[in-house]
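Next up: some structures, all given as structure tokens.
What follows is chain A paired twice: with chain B in the first complex and chain C in the second.
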Partner chain A sequence: MRGEGSTEVGGLRRGAQPAYAGPIFTHLRCAGGRENAAPSFDLKRSVEQLLQHCLNALILGGTYALLGIGLTLIFGIMRVVNFTHGELYSFGAYAMYMWVMVSGVNFFVALPLAILLGVLLGAAIEFLLLRRLRGADIDTTMLVMIGAWIALQNIEQLSWSGVAKSIDSPFPASPLVLGPVSVSWNRLFVFVVALALIAATYALINRTKLGKAMRATFQDRETAALMGVQINSIYTATFALGSGLAAAAGALLGPVFVVYPTMGDLASLKAFAIVILGGLGSIPGATIGGFILAFMEELGAGYVSSGYRDAMGFLLIIIILLVKPTGLFAQKERIG
Partner chain B sequence: MASRPFKTMLAALGATLLAGAAAAQEPIKIGVTQPLTGAFAASGNYVAQGAKIAEEEINKAGGVLGRKIQLIVEDNKSNPTEAVATAEKLIVKDKVPVMMGAWSSTLTLAVMPKLEEYKVPMLVETSSSGKITVSGNPYIFRISPTSEMEAKAFTPLFKKLGIKKADFLSTNNDFGLGAAKEFSEAAKREGVTVGVMETMDPKATDFSAQLAKIKASGSDTLFVTTAVEQITLLLKQAKDQQLIARIITTGGSNSPDQLIAQAGAAANGSYHLVFFTPWFPEAVKNPDIAKKFVALWNEKKYNVGGLTEGFRGWDGIHTIVAAIKAAGKAEPAAIQQALWGVKVQGINGDIAFIKQGPAGKESAQNVPSVYLVKIEGGKVTRQ
Partner chain C sequence: MLKVEGLVCRYGKVAAVRELSIDVRAGELVTLIGANGAGKTTTLKAISGVLPAASGRITFQGEDITRASARRILQLGIAHCPEGRRVFPYMTVRENLEMGCYLRSDADQVAADMRRLFERFPILYERRDQAAGTLSGGEQQMLAISRALMSSPKLVLFDEPSLGLAPNLVERTFEIIKEIRSQGVTVVMVEQNAFAALELSDRSYVLEQGRVTLTGTGAELLDNPHVKSAYLGA
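Entry: the complex of A and B
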């Protein structure tokens, strides 16, 4: 089509006349860049690449796990198909932006404040929307949550505009270099905090009285109520906790990435994938699921095709679900 | 000899007639479809702001054909399905005789069949994919350069910049893949080794896997094609992974000011192909127009980082209005015909269309200016 047949291709063949009227500003000095191109295969470099991929996957996995455990509480234990999970994630990031960049609060003070706001928003969603829907069928709840998702995203768009915002972080700009590989300090911090939050959540569910009440409520609501558990408060607390974890992921990652209204969409999608992969309601499952997804994406993109990076993760999920339809660590369900 | 009551009557009659004429002088509608929300929201809003500045300016000067113009801006939500819906709404409900849109190759390609269906011309202000002007759609009038033009303009710079081996990282859509193809072919023609060609999902925020692979390829230069949001993240992450290759972004949706504000030190040393240089308005083809536009933009207190997008909206609306003026009437076929003949002094040089695509069904393509700038020490520089 662009071959000999066409008369004028982009005006580029008009004899002596230059194709571009405007000047091209260039930087004539040869800055940076190595003069000698390296051979195409190099064992040392390949090993370094593998190490970097593994480190990247580990760091990414921590974030995925954090997103996953928040949702596994809500979707897995409460059985609410929570489409607002991604919005809580972006809400956390915007809360962080508001505290750090608008109010000038210290980064490490802003982080718990942002998470707290996420917890409050989660409690509000449960109190205002879900409480009225208790006992309603799953389709109704799903529609309401889709509505809440769209409403929240548009409120963010209205309040903050579509232009991406960045959050300054107090970490050094130069990365931590470990031999041939490197990682940014900010991401390392995210990884450590994410692991701490995962451990704390696990302990809360399995080791505390509140956790026991949560487990009891979602196993059998009526019996739990008869045993004196305030089931309404437990519903609100569980949804608020799950939402708080999503907000924490957003608040932690906001400074790593940039903050924009639709940032939650992909996060939400990944969170659902991780929860299903790990088995509904299982915290260890969501944690390990998060890491598996991260490794699959990273290595798949690195060695197979980066265009199919997201498809790699879902391919793995299909395979795992074919073999084990309830996910890797599904809790045993009581039947009858 | 007219009596007083007769004069009054005459005046009243005249006033009524004039009022009737004025009512007939409804504004000429111009449909605009832009991504005002969603992934490309920032850029879409800037283009719409530039277009609004042009609308105000034209109406202040008396409009066109004695009528005011009225932009009807619809949000295509960065989504091809929505882009089609907005085009249909603008053409069928608002009955616009001409459109501008749709920001990005994917959105524009989605709208194109509707233009053919309803026979309404569209001025394409932002889109790089070659496909748009070679697919035989005679309703397309593109003022932004194709990736092929950008690559041709860049060709002498492979040697000047001392590029020996180049990697490519592009967003996985018509825009990114088209640019990677054109620039890698241009590189090969210049004897440059092509290393890895990586893609990223348009929504992705983490490029660590791609960067680790690019780092291992050991190239001296990385060509990146995507919009400003992903470029920001990419510059930051490239620094985290200590990528030493020089980064050059193509496509003109790279808003260097926004990169400086958001990527900070990570933006230093990166090169960007842009289609307007608001930092040096005196250096463009029509400096007076560029300066005037920058002044109007700042007067509105719009984001300075949006100038490199906003100018397209301004150029687009002025080109459309020039065509309406030449056509003498606000009808799709007449405007389509007139667009072929327009010569407009735009911010990005002089706008005029040449033919591209299969004979008999040619699309129109402008030959715009392309500039390479570099970010150094937190400032946009030229050498």
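Entry: the complex of A and C
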């Protein structure tokens, strides 16, 4: 079994070798692999390399899942296609920049503050825009959300200029080396916090009264209202929660990458890819979808071409829409 | 107890209920009968506050609830068991019942009520951790009724509780509704099965095209020639 699997990987690699030998081997070296990139096939090295890719994907997947869960919650419960999702992501990153780099707040204090600001901005968008659009048709709502997206992005550009900013992180520069693979401390932190936030979201949805009301609203809004659920409050809570998750993803990844006004656009597109992949409204779908997209990007960038990394999401959408248009998860598995 | 005066409800421009008036006294079992589209469901929705009334006045125990929210109306003691059961399909039986007492904060009393319902409907107890959508139609109806009772209401609106059930279950449902009434809860029930509805009820209203065209005790209406030809197929 094992031998077969490895041969297959080796075969894949060998076929496409000349095109990407360079970047991959640099990568391997960083990862603690052997020096000297011989063009001949090396089983140990390629297994190590695969492991490194998988680890990178796992870590990226956590934040993708956060983004996806936030968007799918909003769509599932409110039936709103939230074009501002990516802006909440960049808002989280800028909030982090503001606290850490401008105000000099401690990194670990700044993070929850940034997420909280995201929650508040989400609640404000819901309260000021969406609440007025209840009962409006979906096109109107979509147009308003597109307008909000453009407005938020331009406000960011005005406030912080278009120049990319970086955020200092308190983590050691040298990575954590685990045998053949390595990971930066910052990314590890991102992963752990993302997992904790995902777990907290699950607990909120499944174990609390608010979560139960959110699920009831998702499953049957009118009957939920008959039970005494205040639909308006549930909508505000949902939008605030979804926005908080997007802002958290931004606040976590801002210090890993750089922060710039249009950074949310790609995040938005990826979130949509994840949500379509997992099935609209499915939280487990968005969680698993986030990891699938991360694996596709990481393996695609590693074994096909790093230039196509961001195209993987669209490829995924196209495949899913062709094969299973309802997403990977059937209606019955949706929880909220 | 419940008074509806000159109620008008519209879907867009079309009026589904036109100047409808009904009156329900405490402890009564009142039924609304009428053909498909007569406006029965619409009337119940207006009473429970999920559908705004275009005009007219609804009062409950002297309080004007015409513009009150569904939440407020439930707090005042009107529960609505909607048409088509409408259990939350992906929630467990227990969670459905918990939604029924969403507004209650008397935890001990809630636990006691839930225990009593489980005793009355052992099948729901057996299925308590099962998704409600996987229950049979009859079980779902028991659940929908139980969920409405979990709010410990003074008045329950039942919309076609016998819809889609096998004859023996229809009987059972009516038995349960009589039992609820005998415990002092006022009942307003919409029912397609006119014969059963008239037999069961203290008083009945016949709805046609959004208006009340006839009213009287069950026995009176059973003898009425128009009711006989239009609703009893005699």
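In the analysis below, the second predicted complex is superposed on the first by the 288 of 336 C-alpha atoms of A that agree within 3 Å, B and C clash if a C-alpha of one lies under 4 Å from a C-alpha of the other, contacts with A are read in each partner's own complex, and residues count from 1 in each chain.
Operating definition for what follows: a residue touches a chain if its C-beta (ideal position, glycine included) is under 8 Å from a C-beta of that chain, and two chains touch if they have at least 3 such contacts.
Source: prediction; values computed, not measured.
K.L.:
Please work out whether A:R187 is in contact with chain B alone, chain C alone, both, or neither, and reply first, second, both or neither.
P.N.:
first
K.L.:
Taking the superposition on A as described, I'd like to know which of chain B and chain C A:Q219 touches: first, second, both or neither.
P.N.:
Touch partner of A:Q219: chain C, not chain B.
K.L.:
Between chain B and chain C, point out the one touching more chain A residues.
P.N.:
Of chain B and chain C, B contacts more residues of chain A.
K.L.:
I'd like to know which partner A:V229 touches here: chain B for first, chain C for second, both or neither.
P.N.:
The second partner, chain C, only.
K.L.:
Could you say whether A:E87 touches chain B, chain C, both of them, or neither, answering first, second, both or neither?
P.N.:
neither
K.L.:
Would you sort A:E48 into first (chain B), second (chain C), both or neither based on which partner it touches?
P.N.:
So A:E48 only meets chain B here.
K.L.:
Which chain B residues qualify as touching chain A in the complex?
P.N.:
Within the complex, chain B contacts chain A at residues 36-39, 41-42, 44-45, 130, 134, 145-146, 148-149, 152-153, 157, 160-165, 172, 193, 198-201, 203-206, 208-210, 212-213, 215-216, 218-221, 228-229, 232-233, 236, 239-242, 244-246, 258, 261-266, 269, 271, 277, 280, 283-285, 303, 348-350, 354-359, 365, 367-374, 381-383.
K.L.:
With touch defined as at the start, can you tell me which chain C residues reach chain A in the complex?
P.N.:
Spelled out, the residues of chain C in touch with chain A are 48, 50, 69-71, 74-75, 79-80, 82, 86, 88-91, 95, 98-100, 102-103, 131, 133, 147, 151.
K.L.:
Going by the contact rule at the top, pick out the chain A residues touching chain C in the complex.
P.N.:
209, 212-213, 215-216, 219-220, 222-230, 332, 334-335
K.L.:
Contact residues on chain A for chain B in the complex?
P.N.:
On the chain A side, the touching residues are 1-2, 5-12, 19-38, 42, 45-46, 48-49, 52-53, 56, 59-60, 154, 157, 161-166, 173-175, 177, 182-184, 187, 256-258, 260-263, 265-266, 297-302, 305-307, 309-310.
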